[in-house]
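There are two complexes below, and they share chain A, which is joined by chain B in the first and by chain C in the second.
And now, the complex of A and B:
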């Protein structure tokens, strides 16, 4: 329940008391209603708003936390479920990679209180390093997975997931895609919160601490559950024909997730319910194959529409004559948009049949699509064929005054020619400044820097300087073990921890360094420098990221130490501009007599408050919080502080 | 062939322009009118000034996105974002851009598409809340686009309901200025 939503107007809203909610808010409503008592998450687009929204409900018996990472979130929630409470762990799809270890084992031990793991997939990908399909990981783990068609359904599915979870004593994954998480639709009023039993952990070492011998037994139990589930109406009832159909015929569609929603819209638009029977799968695993095969077995050909991999398609391939990704009707990567669905349907059902059915404008569009096979595939904002000719999306950039920009500039200046290993966060945008060469996954900046160090140690040539850059939140998430490893092995490089005291990229969630809790209550802080020292680091500098001279000096001293074989860490600290209440300093002044319009500050440094005009550079005062770094950047000295920096 | 069951809109702008806020106002207004609505947004890796597109569908639909070439209206909060949104526009659709008449040049339309410009920024600045140019443009859509499904009363109620309290009066004024400028 977003506090800023207006009160319901039951008389006028459809169905009475509906509110327009983000899919993530709808799932939070479901978690509240279903009586979730412990919910843990690590923020990540597109999943972040789920816990934020849940935190706005007034529930006394609900522990919420931003865990340090997704593995920990799953373990915390799982223990609560073992004690009999309803729990939830929430993450984005790549977060499940981090949490796979507990998930695999948890599938064997099972749970007692219901446990829902919400994993948000990102077909496109819009904000992730992969397009991975969580349903495949659910199958690998032996955990049921649900795939909602709309935000409203996602809320209902939270309830259903808890029922399945408790009936079979298994965690259940709810897998919304970005278009569920980040779309808004009308959702019914909040129902009363379910009050489940309180904590009562029953000791049973054969289950909760099973040795390999007992693990074999548990594996057998897991397999029996997975065999039973598909024929349980609780599960099989979720899959079925969208609208009644004659049941036999030439061709039908099988779809799940938002692909099913688009298929519904396109079928309705064309008025072709009869000609295009649509079977919707909401529980893709374990799949009630009998139900599907019974219903669709009479059709000669089946078009499968789903995101992101050919999951159902491969599951059914040996029983049904399926089309989709396996025969190239659906592209193997990128978001399944209405254009993709429309093209696939037309190709599958025979486009000539359709010509008469589609509207004039639709037909014009089709000609264009057919003449440009790339259209409509993937992220509309990517620079792929889908974008209009010549139209380029404006790229995201670090905010004006972002302290990261200062850190990157100082790093480039003091360690030119270094290999820069980067990491995940706003500061990935350091690519624009030429100070990020690699981005692999959370925490990899440190281990990759170590790997480069060992690689270059073997060469005869001059020493290769190496610098890693990681944010504070990412450091806590996955950087700590990597740093311990680097120190223990004797790797020597510069690590800059850009510490802005928040998880900025996902909307400024607190980190362990701040001591702030999701509930708003004060927690204990775990200071970054103590952790770094605790990892065994002996050479540590802590500097104000906006004190450019001090920062540059620290990095060059650190680089010298690294050249001497030391692991050298610089904490470059200054709050994210989204969190500052006071100006960083005064707006600098540009002397247009001196400015040569060289473009260093606008193009290479790239502060969005600086714009190049005919007569030289201008500063948009409204955008400039006054970090003062452009003063250091300008090679001709045209930019100067009017009243001195920082005041 | 059945009638198209939704009125589809693309809101195009840049991070920080309140594109998503605008879609929420529209959503709330639709609910007040008893209309079904779906919205979804697309933006780059982060919200830091990058292109943002928001898709709004008023009507009985299931999916949040629609096919290219089917939007009845493109509202560009930043004129530079127009061409990126144009492939979504219907052959007889309308483009409403935030900007002076001069910004119209360089936007090439097809078929019977129509182009309107409203200096929303000027209106918002004049009323003392430059961040609410989006509401001026929404007013412009209600006032000038035939078939636009949202009405002034419901939008005003949504603006009043969504606050924040101190800005409501000024924002309503900005919306009305936009409404009356065609």
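And now, the complex of A and C:
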């Protein structure tokens, strides 16, 4: 089990030629340089730009794909690694939940060519369902995980991850957090691409198709790898003191990821290198505890700063006297921002007068306006920015002209009182229109609608209408098995597939329905309606989402069919407004004589192009692409199309 | 040079491009810039903010009370940046307004130039207001507001010189270069009171 090792990290040309890159672009550069030959991903914030950026490199021997989901991405990449190529799978943290099945098994079988799984965590969470910590899943699977401190480091770690992966024949997870993915900074020039061996799959059923008996052997091999890794300088060399320190004393900091970066900045700002020794962990699992204890054992107390959960803190609490989340110094939820780190450090080191010291030095001063209770402006704003003036942050909303808004309005109008099961995508924002009651995870709109159906079937009362709403990309991702299940079980509800022909939420990546590939080349399309029919659906309507009457009629007919015990699907189709090249129609006109300022169009319909002023509703022409749905929405008929609607 | 800037706006206003031009110009001038754009669901009109810094710092995220300048491309969005302002720091606000649709219910809660001026004055800061959308429209397209504010920023701060800013705009923007450059100069002119021609 000792594959030929490639040379160390390729040498980079010194100085000059730095480009200002996004962390995600830096990782893409790392993948290119390290000779990744197959990379597969499903788009998801904050990971999406990695593959998009990788697709801009000119490499003949590189297959890239937007897979239908993360499980498939991991399986595709893993097979390439089994054939000896370097590969990568890329996803956001909740994507790893979908891909956990292959990952768990892959840890046992291992890989041959290096395999890096980049999983972007989203502490906050800023655009995710959960704040889950990927390091815990890496530990559960028995797969090493690396935690970069800066974007440039994330690029270096791609190389490091491949070396570890090939030395131990294991997939390696690289876990950047949002602040790594979306920060931009100078990154060195692109070095030569590593040319690894070509495909050569060596058959070995005891490994690649292992039965439970052989799985026991593989589990043993995995455990031996995990025992060896922490003492290997390739791994342990990643962890260590940030700056030399005397090695014992009262208190020290142990940090990983962006928390370590914040701590570095704050220590430097305060000029307190001596007082605040900092140990940085770049490989949190498997952790060489001995190395950490050797360095930090002399300290009486250790502050642990990390994202997202108390991972290192729990690993080390029996060896070191740790502080952090377990004793409430660091909040248990939410992002660890520089301000959180700053406060935790102050509290931990008991530096109560730090603020005034910094104030004297004239640097990094916390604003007087905010800290001085007498100054008026400060306190309300420090609690919640903007609260003082009553301005809410601009909330996300469906775009003006978004065909989803039309679908939700039609659904509300034709199926009032229904239970609306929602899903993941832009159209989650149907919440604002009161047309989304549940959002669980990718594809759950369909299975939850089925679950509600079976629950209410047991009720004696009048039939409960149920409507699910799912986007096209999410349907391909996880909706298909759910629909097959619903049909086969005999569930009956309305499913509206809002088909805008793209994965809009993450920046308009192509879906299987379009046939477009990540490379820009034309692939085979897998039409939505054929898939729906293939799932066994007999009642299907396909309708233009901006033809409001036709859409309403279809949903209405579908609701009647569902009431008769049929699974009824409506494909509400119209391209995403971010992709249209010509106007949907003319900007409607408002007759202010008729407008009663009732607020239905501005508040309940919520199109951002409509604003209420003193004399009634006005349409912001700059924002309005002319979908004309507000004409249908206005209860008084005050909104009309000047030149009639298009087409 | 140590420099910290927080810029706020809403999705679609070009905060990323704004930040990119400043940071690239800084890089060209030999400083060590980094920036972080918090975009979240910005594509859908949500709030966007950008932290831009130059100097020896390792990460671009700025701590509260450390920004030399806070700036917004939309009137109310400046409120998000307030906690980052340091004492004696500068405030630059576009008077362009886009009411969040919730505010259409209670428009009295949306700030005005006067209410913002009072708010900052109480804390000892005096904001500079720039009619960026009006200037942008005069130049020819409302979309160049970001460049107008960039011009205004360079005029109040000299964080990069005008030459490298314009050069970077030309290198970075793919279409409508002249109108963007024009927007930059009009914003610069609005603050400096000088005619660049």
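Methods note: the second predicted complex is superposed on the first by the 593 of 647 C-alpha atoms of A that agree within 3 Å, B and C clash if a C-alpha of one lies under 4 Å from a C-alpha of the other, contacts with A are read in each partner's own complex, and residues count from 1 in each chain.
Heads up, the rule we're going with is that a contact is a pair of C-beta atoms (placed from the backbone, for glycine too) under 8 Å apart; a residue touches a chain by one contact, two chains touch by 3 or more.
Owing to the predicted nature of the structure, the values given are computational and were not obtained by experimental measurement.
Taking the superposition as given, does A:270 touch the first partner, chain B, the second, chain C, both, or neither?
First partner only.
So, does A:611 touch the first partner chain B, the second partner chain C, both, or neither?
Touch status of A:611: second partner only.
So in the superposed three-chain picture, is A:20 touching just chain B, just chain C, both, or none of them (first/second/both/neither)?
Both partners, chain B and chain C.
In the overlay, answer first, second, both or neither for which of chain B and chain C A:150 touches.
Touch partners of A:150: chain B and chain C.
Go through the superposed model and pick first if A:258 touches only chain B, second if only chain C, both, or neither.
both
For A:186, using the defined touch cut-off, is the partner it touches chain B, chain C, both, or neither? Pick first, second, both or neither.
Both partners, chain B and chain C.
Name the contact category of A:600: first (chain B only), second (chain C only), both, or neither.
In the superposition, A:600 contacts neither chain B nor chain C.
Have a look at where A:586 lands relative to chain B and chain C in the superposition and call it first, second, both or neither.
Neither partner.
Once the two structures are superposed, pull the chain A residues common to the chain B and chain C interfaces.
Of chain A, residues 18, 20, 126-127, 149-150, 179, 182-186, 258, 261-262, 264-266, 268, 337-339, 342, 364-365, 368-369, 375-376, 381, 386, 388, 390-399, 426, 429, 505, 608 contact chain B in one complex and chain C in the other.
Can you tell me which positions in chain A touch chain C when the two form their complex?
Touching chain C: residues 18, 20, 126-127, 149-150, 179, 182-186, 258, 261-262, 264-266, 268, 337-339, 342, 363-371, 375-378, 381-382, 385-386, 388-399, 426, 429, 504-505, 507, 578, 599, 602-603, 606-608, 610-612, 622 of chain A.
Considering only the defined contacts, which chain C positions touch chain A in the complex?
2, 10-11, 19-20, 23-24, 27, 32-47, 56-66, 74, 76-77, 79-87, 89, 98-111, 115-116, 119-120, 122-125, 142
What residues on chain A touch chain B, complex-wise?
4-7, 9, 12-14, 18-20, 126-127, 149-150, 179, 182-186, 258, 260-262, 264-266, 268-271, 337-339, 342, 357-362, 364-365, 368-369, 375-376, 379-381, 386-388, 390-399, 426, 428-429, 505, 608
Under the definition above, what is the set of chain B residues touching chain A in their complex?
Its residues touching chain A are 1-2, 4-6, 14-15, 23-24, 27-28, 30-51, 53, 61-70, 80-81, 83-84, 86-87, 90-92, 111, 157-158, 161-164.
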